[in-house]
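Below, each structure is written out as structure tokens.
Below are two complexes that have chain A in common, paired first with chain B and then with chain C.
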Partner chain A sequence: MLAFELERPKTLEAALGILADNPGKAVPKSGGTDLIIWMKKRTIHPKILVDLALIKDLSNITISENGRLSVGTNVTLNRLEDYLDEREVLPALIDACRSHSDFTLRNKATMVGNVTAAVPSGDMIPALCCYDAEVETASLEGTRHISVLDFILGPKKNALDPGEIATRINIPLPEVAGTGCYLKSTRRSALDLAQASVACVMLCRTGVTEYRLSCGAVSPIPVRVFEAEKMLRGKSNLTPSLIEHSAELAVEAVNPITDVRSSREYRLQMIRELTKRALALCQKRIQEVA
Partner chain B sequence: MTKHIVRFILNGRAVKIEVEPRTTLLRTLREIGVISVKRGCEEGECGTCTVLVDNSPQKSCMILAMEVEGRSVTTSEGLIFPDGELHPIQQAFIDEGAIQCGYCTPGMVMATYALLMRSPDPTEEEVRNALAGNLCRCTGYVSIFRAVKKASAMMKKLPQGAGDR
Partner chain C sequence: MRQIKTKTGIGRWLPRKFDREKAAGTLEFTDDLRFGPELLHARAVRSTIARGRILSIDYEDALKVDGVIKVVVGKDFPHHFGLYLKDRTPMAIGQVRYVGESVALVVAESEDAAEEGAAHVKVEYDELEPVFDPVKAATNNDILVHPDLHKYDHVGFVTPQPNTNIATWFRIRRGEVDKAFKETDHFFEETVTCPQIAHGFLETHCCICKHEKASPELTIWTSAQSAFTVREIIAKGIGYPLNSVRVIAPPIGGGFGGKAGMTIEALCLAAAMDPDIKGRPVKLFIPREEVMISSWVRQGYVARIELAVSKEGKIQAIRNSFWFDTGVSAEYGANPVRSAGYTSTGAYYIPNVWTDCYAVYTNKPFGGAYRGFGLPEFMGALELVIDTVANKLGIDPVEFRKRNLLKKGLPTCTGMPMHDHGLESIITKVAQKINYDQKEEPIRPGWKRGKGIALAIKAPAIPADASSSAIVKINGDGTIEVLAATMDMGQGTYSAFAQMVSEEIGVPYDWIKVHFPDTKSHPYDWQTVASRSTWSMGMAVKQAAISAREQIIKLYSEFWEVPEDCISIEYGSVICSKLGKSERLDERIQNGFKMPDGILKGGPIIGTGSFTPPDIVYPDLETGQSPKSVVHFTVGAVGIDVEVDPGTGQIVVNNVAAGYDVGKAISPVGIMGQIEGGTIQGISACLMESMSYDEHGRLLTPDFTDYKIATTMDVPSSVDAFWEEVPEELSPYGNRGVGEHSMISPAPALNNAVYDALGIRIHSYPLSRERVFKAVRALSNGEKDFWEWPYELEQVFRRAKKSWE
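Moving on, here comes the complex of A and B:
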């Protein structure tokens, strides 16, 4: 790894100051599980690493009065999983936490870091898209709120301006009963990036069942399968033909590449299969809670 | 690059070490002679560098030494009792033949220790989940899972807290 200086500011203001004073030189760090690898491989070589870990305001999980979950950038995936599991909320996000790397690494890796890394296979992204999550940012100019769907602009490209950091991810908790899941196809069951993945959320509003579908690792930017969501709206009983049709629409919504993990053709097949399994699993889970 | 002083508790003893910002906890520990912590992939994939930081298992190749300022770090050396007797987890790995070349063992032992602290009587699934990030090229894992079960039983026979580090 090339040499760098490490700054560990205790306040957000101090962190933003260091970033503003060192344009193009200073890079923010949350868990560092992506950064350390990229720095070892020399794909990036920041002069200054700004470790956000000691900023207390960015280390908590809160739920506001209007039911908005807010997760600070220092919150590790294991802490998030425990928090959600205890409260039995956001099941697709719980699945996503559990699918990420392995138990030990999840004591370091964060959800915010996963989103700011903006890698198409990022495991937290599809579930966050289904839950209409937004990234909260801060810079010396002020704060912004950007939906996760709009935040990721392409592989390793996010919507942050120079000197701006992601402080939190905010998720409106669904006010109605429902369920969700995240399914990921990999070559081995731990420590592997997704070849393809599908998050599915089912929300049971009185009279109208709603669905949200999002695919991972099969497009440079996040994908919501709005066509399938529209078609499924109001259908509380998912028949085999509805499921089949949804899988078809999911395949049409994505545009995967061939890389070391799998071919484009295989990824398309997996999106078809995972969409079917995800819808079936939601149907099963909703019957279990009912 | 400038060096910095980092102070932390290592296996119960306060230490003060000069490090460069880029030096990982893994390399720092090995430099000062804590060689149970092995250098495997150095990319977070193999788990042989696993240590506890404030009781949470961490891959020490994924942590910069300066990040453990003021914190407590435990390695396999730190599990040994003051009289030199091995910790039940270490003994169980020997008894069950869960060590062949031994390269993965310290990491496996630390991941197991963290597991048994949070779940003294783990299910097979919990064991597999806890050790999913620790690779072993030799044993085929079955003897390792047996050792974890045995360690869990041995630790229950110890007086309350005697196996804690």
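Moving on, here comes the complex of A and C:
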């Protein structure tokens, strides 16, 4: 790893100041599980690493009165998983936390980091898209709120401006009963990036069951399968043909590539298979709750 | 009368030596050694192309980096090195042959400066067309990886073919093969392929070299399996006497063959011997990102096996063609190719044998030693073919194997009669343990379940004169130190040696220490490879212990004035029950005994032992025949029960049983560990391990993000391990090696189980989820066989949609 300076500001203002004073040279770090590896591989070489870990304001999880969950950039995946699990909310996000890397890495890795890294296989992204999550950012100019769907512009490209930090991710908690899941296809059963992944959320509004489907690792930007969601809307009983048709629509919505992890063809097949399994699993989970 | 009593001798379950320090994290590995501010750091500049001429190396900018003191290039250190075939220079000279080859070495005051300096070296190449496919390289000589092959020195049993890419060609010609194929009832031909795989040891390579400023004296601290072989290769390479090269091998964090022979030492030496650097120690640490492109790998292969089988289900003839992908160097890789060749009927008796095993140069990282040394490769193919043939003939695969077993007295493919062994009973037990005869329902709804078996066989693949020696020193308090230059890299040999010494001298295991190798103090041992140490070094240790014991008893006999057979050593005390005497071993062992006649006798007691295999004869180069081609074989079998998810291609191993004939279990905890570890490593290799390259020869799996090794989530929670004990004749206690054997057959057993589950034969390793999924789809299209030519995959990759731009 090439040499760099480490800054550990205690306030967001100080961090933003360092970034503003060193345009193009300073990079913020939360968990660092991607960043440090990229630095070791010399794909990026910041002169200054701005570690956000000591900023208390960015280290909490809150739920506002209007039911909005807000997760600070320093919150690790293990902490988030415990928090959600205890309150029995956002099941697809709980699955996503558990599928990410392994337990020890999840002690460092953060959800905000996973989204800002903007890697197509980011495990948190599909579930966050299903839950209509937004990224909250801060810069000396002020704060912005950008939906996760719009935040990721391409592989390793996000909507952050120079000098801007992703401070939180905010998720409106569903007001109605429901369930969700996240399934991923990998080369082995732990510690692997998704070859393809599917998040599915089922919301039981009175009279109208609503579905949300999102796919990971199969497109440069996040994908919601709106066509399938539209078709499934109001269907409380998922018949095999509905499931089959949804899988077809998911395949049509994605555009994977071939790399060392998987061929494009296998990714397409897995999107089909995982979509079917995710819908069936939601159906099973909702029945278990009932 | 038995003269020794101990509770910690051979066969006992005891805590392994150095386990406590490893668990505490206090054991010092090479990278942990401290050399103070004198230490310099080296970093390699590596080739970015697979084949080409070096036009220029510009390191002006590197020298400007603060802390960089020197840049060394290939022509500055033009020595050739190699164990069996000297086809390697530490750095490319004139031309590069694979992506990752060292082109220059930047030496600096700090690791960071060396790294930054290396990033500033600019190399210009005239790119040439490379060759990656071993069959193409072997059969078409358009591209020669080593045009100078005819100039390289090599040992007599390696047979390079000048003006080709064949680094060695091992042959078996036995019986009348053509006739047998013409006259026998059934004929089968099958092909199996497997890519290169990597060892994945935890500790990456590290080496420190220091050359004395005033005299030609060299000290090397290195993470090596074989201190003496490093010394020998280095000394021969640079023309130094053996006693001017001292090699110290601190504990290593895993080897699996990847630290056998010489690895990075010569590259480090290129800096340490530089006139401007001499006198200062130079450290070369290979970071994880560079290990896989700069170290041994297990050779990939393409295997074609033809079998002629009678209607009674007896194999009459075999014709083997094995193309081993040895990458850019066969200096070590030539020998696993031979090892596969002289075991090329597996654990079966086949009267007519034709074998061609080739080590083929390609423009890829170099093939070398890897646990199993040619046999996981060979048996990975043969055991699939045996299974396929049995199924096609409608004979139960277990029965077919037993019917053709290489029983005692029958000749192996080299003509050597097979010794006694317990394989038949092991096969029966393995089959019972996985309920082989019972078709069981899958545990997971919608999955397919199957069971498979494969046999293992391997001899130590050693030169005929691979020798060992040991020293046993008795200290003045009865404690013992053993100098045996074996590397204990987790296999537990030091525990086995201590148990042998306890068995022979009657002192408790805890009083016995075995030291890590230093060529300055230790007596010679060839290498810690080939599952040979508890056998070969075991002979030397046992002999040394006996010699020390005999000296002790002789002295006490004279001291107490009783015959020697009245004296015993029990639990650390010397006893004469006739006189009612019992004395702990004490300083008299060191300082001598005042004998009844008033004369002081004795002095420090040192036992010594030496061993060399007495009667190996190298196989004839034309026919492969030899009255004794190897010292002995270890045999065994693996049974696996799997389930496959047809929707994704995922395989889950429900149960695995593995048994080997170890002759005698010296250290059962070590044997259990070896069987468990090798089984898991074999399953991992089968399920996911592959070094994959793009069409330019760039490794796509250079680190653990993409080179996948099984985690605990991917393997069964336990291995049903067991062993039989049919004694080996020439052995300290009848024991045979088992360290590598456990890696040989998990892959074919698993593959056979997947065939049983799905009904389609997958001819290409690894059985990745994607590949198994594709096979399931092929099955639904009516296919019965599925294989992917690994080198065609590169072409597929060339045409694939690889980015969104």
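Note that in this section the second predicted complex is superposed on the first by the 290 of 290 C-alpha atoms of A that agree within 3 Å, B and C clash if a C-alpha of one lies under 4 Å from a C-alpha of the other, contacts with A are read in each partner's own complex, and residues count from 1 in each chain.
As a convention for this text, a contact is a pair of C-beta atoms (placed from the backbone, for glycine too) under 8 Å apart; a residue touches a chain by one contact, two chains touch by 3 or more.
From a predicted model like this one, the values you see are computed outputs, not experimental measurements.
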Touched partner set for A:266, first chain B, second chain C, both or neither: second
Touching partner for A:187 - first (chain B), second (chain C), both, neither: second
Contacts of A:40 with chain B and chain C, given as first, second, both or neither: both
Touched partner set for A:2, first chain B, second chain C, both or neither: both
First, second, both or neither for A:155, with chain B first and chain C second: second
Chain A residues touched by each partner, larger count belonging to chain B or chain C: C
Contacts of A:18 with chain B and chain C, given as first, second, both or neither: neither
Touching partner for A:257 - first (chain B), second (chain C), both, neither: second
Doubly contacted chain A residues - partners chain C and chain B: 1-3, 37, 40, 102, 189-191
Chain A residues within the chain C interface of the complex: 1-3, 37, 40-42, 102, 154-155, 185-193, 195, 219-220, 255, 257-264, 266, 269-270, 273, 277
Residue ranges of chain B touching chain A (in the complex, touch as defined): 1-2, 4, 20-22, 24, 42-45, 47, 50, 56-59, 61-64, 66-67, 69, 111, 129-130, 132-134
Of chain C, residues touching chain A in the complex: 112, 115-116, 119, 287, 289, 647-648, 687-688, 692, 700-701, 705-706, 708, 710-714, 768-770, 773-774, 796-797, 800-804
Chain B contact footprint on chain A (complex, rising order): 1-6, 8, 31-33, 36-37, 39-40, 49, 51, 53, 78, 101-105, 107-108, 189-191
